[in-house]
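In the two assemblies presented below, chain A is common to both, partnered first by chain B and then by chain C.
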Partner chain A sequence: MRLAMNNRGAKIVQYLITVIVLLTLNFFLPRMMPGDPLSYLLGDPGADAPMLLTEEMRANLREYYGLDKPLIGQYWDYVSGLARGDLGWSIYYNASVASVIVGRLKWTLLLGGTAALIYTALGIALGAVSAWRRGSKVDIGLLLTVFSLGSWPPFFLGMVFIVFFSYRWGMFPIGGAQSAEAARLGGLVQAQDVAYHWVLPGLTLVLTYLPGIYLITRNSMLSVLGGDYVRTARSKGILESLVLLRHALPNALLPILTTVAMRFGFMIMGTMFVEVVFAYPGMGTLIYEAGAARDYPLLQGAFLVTMVFVLALNLAADLVYGWLDPRVGRLRVTA
Partner chain B sequence: MRKNLLAVCVLVLVVALIAGCGHPAPAATIDTATSTSPSTSITSPTEARTTAETRASRVSVTLPGDDWGYPSPFAFYSRGPGYIRMSLLFDTLTWKDQDGVVPWLAEAWTVSDDGTEWTFELASDVAWHDGERLTAEDVAFTFEYFQAHQGAFKWSWPVGKIESAEALDEETVVLNLTEAVAGAHEGLIGSLPIIPKHIWEGVDDPGKLTSEDAVIGSGPFRLLEYSKEEARYVYEANEDYFKGTPTVDELTFIRVENQALALETSTTGYASFWGREIEAVETFQNNGAYGVIDGPSFWVLQTIFNTQQPPFDDVQLRRAASHAIDRGRIVEQVTHGGAIVANLGILSPFTDWYNPDLPGYEHDPDRAKAMLEEAGATDLSLGLITTAGFAREAELVQADLEAVGIEVEVQTGDYSTIDGLLREGNFDLAINGHGGIANPAMLETPTWPAQTYDNAQYDKLYQQQAATVDEEQRRDLVWDLQEIVAEDLPVLTLYHPKMWTVYDASVLDTWFYTQGGVGFGIPISMNKLIFLP
Partner chain C sequence: MRKVNRWLGVIGWGLLALFGLAAFLAPWISPHDPKAMDAPMLGPSLSHPLGTNDIGQDVLSELLYGARFSLLVGCLAAGLSTLIGVILGVLAGYYDRIGFAVMRVVDVFLAVPRFPLIVFLAAFLKPGFWTLVLFFTLFGWTKTTRLVRSQVLSQRHDGYVEAAVAVGADDVRILLRHLLPGTLSVAVVRFIVEFQHVILAESGLSFLGLGDPTVKSWGSMLRYAFEYPTIFISDIWVRWAAPPGLCITLVVLGLTFVGFSLESYTNPRLSGRRG
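Take a look at the complex of A and B:
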């Protein structure tokens, strides 16, 4: 027990060091890219959004945003800000980084989260069925469908959806997360509207990520189904469906769990292309925009959130692993 | 056969998923369409007002857009559409319509002979959105407040030239400038939003004020809602507006990825296009339901020569390259006629400042070759940088230069990368866009954002025109500047893209392009006058 606690402590220290290294990289990497936040802010956007700013104003703005300070001074501002729980002020959006991120994160969680639940449940169910009926018409049909779906890049699938379901048939909106009127009416109307805007991007995500979960479940189940204990269970005359649910599936879950945890962890990056295609106001588009704008405080904040997300899910997977399979915990202690 | 099977499999799964998710049927969609909709249940806080009740129907208009920032004078993004969104909430002393400057908050004004002292007589009975009266105190406060907070806003109001401002009585203000400012109506008087003293007085960092207070102006609209992440702006008419109640009760901007599609599906009532989007415009032109207005083209795409290092420190080589590059072909093949070959002096023929008598460099590869040989420049090899958006233009320039024996390697990067390289002077040749406003200020740094061009005589002339109030004298100086650019070639301009406004006349048909552009020269047909009686 004591050993296990120490192990957990070491794990947390390990995660902390990772966070510190990443935070520092987070600060320096954007600053090593050519250009600076003022490049984009004052840059030339083309004839449809003209503007003109003088060098004098550029100097004023550099001073206002503290970009004229030496790098080490800026690093101190960043770290001491973080220590106070202050993520900073977005230069491009002219709003606090935290408020910009919260505004976007909720949409990504809604879009990516619901899609992830659906493709995980569906993937596991279909994978199990496929493995159980290996070689049958159902299995081959599912394999073919899933393989052909998996070969479509998400943004392309999204564009095909827009062309047919939105443009040709007018069944779904071409983009966005909700319509202006519904947002103001609120309540059930808004909920319906949000769900309705979710369908095409959500479906794109489900179809894109379903194959991964399906295949890993199918493979994992196949290896388990060949095991002695399954044969024993079957020979006892237990109902086939019970063998599948009670004996095979729990044992096949470990590799599936790893894949699922990783998928959830990378949800923010994973939804990025789909968000861009559907003009969905999530974190993916935000990171993309912040990078183009070299908005250092916003990039730092967005990466921090993404990073915490990935690490937290990894940590959760690590902990659940030990609980699901006691051997994992014991092995670590002796190592 | 196998393909069919696959398609069926995919379709079955898709249908099953849609059905399984239980989302509302398409028929239940919320209608985002525009035009008059008296029966919808959209209610706004002020709708119950008697003036609104007397109207037969509520006019709401939806326009396409993107997120251009919170429309406070200190928070909107430094782009034309950002300024436009702010200008719906705030007024300026003067404004512009299709013919030029018109009185606005100031009904009359005088200016001293040396151009440094301005006296304004304000319109009476102008109220802020919160009911307070707008007085000369507010105007004087505005000038001094902006002057004291440079760096906290991202717009080129020349407030550094403000010395002091004083309210003589409730409706008279005197503004003192440190020196004469040419085009003050465009840059300052007709562009700087007047802000309420009672709100901003105690605010130290105006950029950080993003509460509702920050958007209390005197303009024709009030802000009902702004969503940054969804790029949605909802404005409602200010029924007490001193120039009359707007004809549109509710104005909504939504994010639209494809403007043509949004207009076709009546999601929005307006779309704007430029340059190579000419094909979309042509389809609307052939459809009687839509109106199309040709706009001016102020923006310029140019080839920047790095005059600080070989080979282009030699003007003969810049001229040779200019004879080699076929600008007409670029306009034809890349923009499909959606642009005009640019004025070599940067300022578009659509501005009042255009100099039509500049030397030209007709496309003549043989002459270019001869000039290169004469200058002893053989076996030249150089780099050309640009953003991905102008890769096609870069390819054509590359082909033209290679045809006369100059080897060119094209490299593309995102905008910030190119900006960084240009500012460092780390390039031979670049293709970059510039400006987009009808204002000689575009000539300040002809190679912008590169700071590579060094010509003392040019800089002196620029400063001189910037302080010349007399229009005729100033035009002569601006013409001289264009002549220097055309002869000395720090840049070889390529094209000015055309612009178009396309609108659904059943929604709103009052669109026009402002003379010399909105404010300091924004060529967008979204002037607030469109929404006024």
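Take a look at the complex of A and C:
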């Protein structure tokens, strides 16, 4: 029941406002800390280890935050810097934030993207079967299995996988995205190795997010299966499998699509946990490490890139949704 | 199916009651002060049923006090955000202008993935108990508002509401007596979903080391266990890492079961026979 905006322009404006809110938050939060960001970085009384900075890094930081200018000038520098792709300077890596992020983004996309494809397809298939066989042993069995799998927090499920599949049975690597040896060889060997490293974190993500898609599909299919056109199709004597695939599923898919799209943001949470547990070198681990190392420019940059990425995906999904379902934007303005 | 629903409900409520009781009684039933230190890494014994952790604190006591923290944060944040969501949702559904303004704010909030945002805020602000509750409330009310609003919009033109308007009932009466009760089932389901989310997100934050460092929570127990060098090689994880992990799992499972049985109760189409 998304509030349908009556045109795409309004939707895009809304996302732009969201981005501006995030930028502003990203700009002000470090400056709102007691003292200025530099003294916060350098002299945080709660820091486990005092940050040791070279003069060069200090200069880089001071330049990044532009602390000697008035606030409005700082904000302008910040935004125009972002527009040029300048995300600041990472203290921890002593490299530009953008270059650090580029190396990490691909792994998150690989891990999260493939997992999303698998759990979406599997969730729709299982949910459809469950709805079709409502009340049967298959349905109840699926429901219970999916519920009990879906309640595991991903960081704990990942640990259990590591204990059994890695330490006990030695079937899969403990963590990382690839081994140095395979990365050097490249080609098929590397692809195999990357897939091998994907299995445990990927499986954890699939199991974490499968239940949501499964339940939505089941509910959506159940309400569609009760509809008049399905009854009509059945009464015409159409094969049950065709009723399901041609008449019921397409109509049930729209709410599923919205859920899938809206879950991209939600999925970041799981991906972050899974990456940290499996030491997978993606954005989640990066944000975690940046937080632990008090590398605030890196934290800000990684946060911003993640957010903008999710927003772009959500906007795309919103636009596609309006295109797939012509009723959105006309009839459902108030619903 | 109806029978299954009832059983799921019973199991769910049972699990929640068990953990609620453990959390409530923690100060009286814990064998030790969760912060008191004995010898580190003791195996299970009568005095320490689950042994001690790397700095000699009793694992069972940590677990009981952890239940207190996790459930209290979850319950408070979910309760507050549902309350705010219902109030704003009802107002937004009944008054068009408020509705327009509120929904624009909701749209902005809903577009932002909230967990990275909470991680980001937590990294800067070092949250304690109340800051955590505030975070989760702040980012939790929007979905409830949207659902409650559409519920109110669909009720607004029902006969009994129009009749109330026709006999000259004032707005307060219409809102409280005629519109609010209809939103109750949405609110209950939302409360449960929110509760689950907060439990997972809070223990996740603590697991990442971004929670309240001064209190015992299930997430922080998992964190310290996970960071212990030989945790997975030996069997220590069975008595140290597994208990808090299973507690989170069982609370979430309990909430799922309760939610499922309530949802099919309020939406009979999902549980009835094929029509």
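General remarks:
Following the convention adopted for this analysis, the second predicted complex is superposed on the first by the 270 of 335 C-alpha atoms of A that agree within 3 Å, B and C clash if a C-alpha of one lies under 4 Å from a C-alpha of the other, contacts with A are read in each partner's own complex, and residues count from 1 in each chain.
We take it that a contact is a pair of C-beta atoms (placed from the backbone, for glycine too) under 8 Å apart; a residue touches a chain by one contact, two chains touch by 3 or more.
The structure displayed is predicted, hence computed values, not measured ones.
Touch criterion not met for A:Ser80: it reaches neither chain B nor chain C. In the superposition on chain A, A:Tyr167 contacts both chain B and chain C. In the overlay built on the shared chain, the residue A:Asn94 is in contact with chain B alone; chain C does not reach it. Of the two partner chains placed by superposition, only chain C is touched by A:Gly226; chain B is not. With both structures placed on the common chain, the touch criterion links A:Met57 to chain B but leaves chain C unconnected. When both complexes are overlaid on chain A, the residue A:Thr24 reaches neither chain B nor chain C.
In the superposed model, A:Thr145 makes contact with chain B only, not with chain C. Within the superposed three-chain model, A:Gln192 lies in touch with chain B and out of touch with chain C [touch as defined at top].
Touch criterion met: A:Glu181 reaches chain B, while chain C stays clear of it.
Comparing the two complexes, residues 33, 46, 148, 167, 292 of chain A contact chain B in one case and chain C in the other. The part of chain C that touches chain A in the complex is made up of residues 1, 4, 103-104, 107-108, 111-117, 119-121, 123-124, 126, 146-147, 150, 153-154, 200-201, 203-204, 207-210, 222, 226, 232-233, 237, 241-242, 245-246, 248-250, 252-253, 256-257, 260, 269-270, 273-275.
Residues of chain B that touch chain A in their complex: 5-6, 9-10, 13-14, 17-18, 21, 23-24, 26, 28-32, 40-42, 62, 67, 69-70, 74-75, 77-81, 83, 150-152, 154-156, 160, 207-208, 210, 225, 227-232, 234, 252, 254-258, 261-262, 265, 267, 272, 274-275, 297-299, 389, 413-421, 423, 432-437, 439, 441-442, 444-445, 449, 451, 497, 499, 517, 520-524. Interface residues of chain A facing chain B in the complex, by the touch rule stated above, are 33-36, 39-57, 60-61, 63-64, 89, 92-95, 100, 103-104, 107, 118, 141, 144-145, 148-149, 167, 170-185, 189, 192-193, 195-196, 198-199, 202-203, 206-207, 279, 281, 292-294.
Contact residues on chain A toward chain C in their complex (touch as defined above): 1-3, 14-15, 17-18, 21-22, 29-30, 33, 46, 134-135, 139-140, 143, 147-148, 150-153, 155-156, 159-160, 162-163, 166-167, 219, 222-223, 225-226, 264-266, 268-269, 272-273, 276-277, 287-288, 290-292, 296, 299-300, 303, 306-307, 310-311, 314, 334-335.
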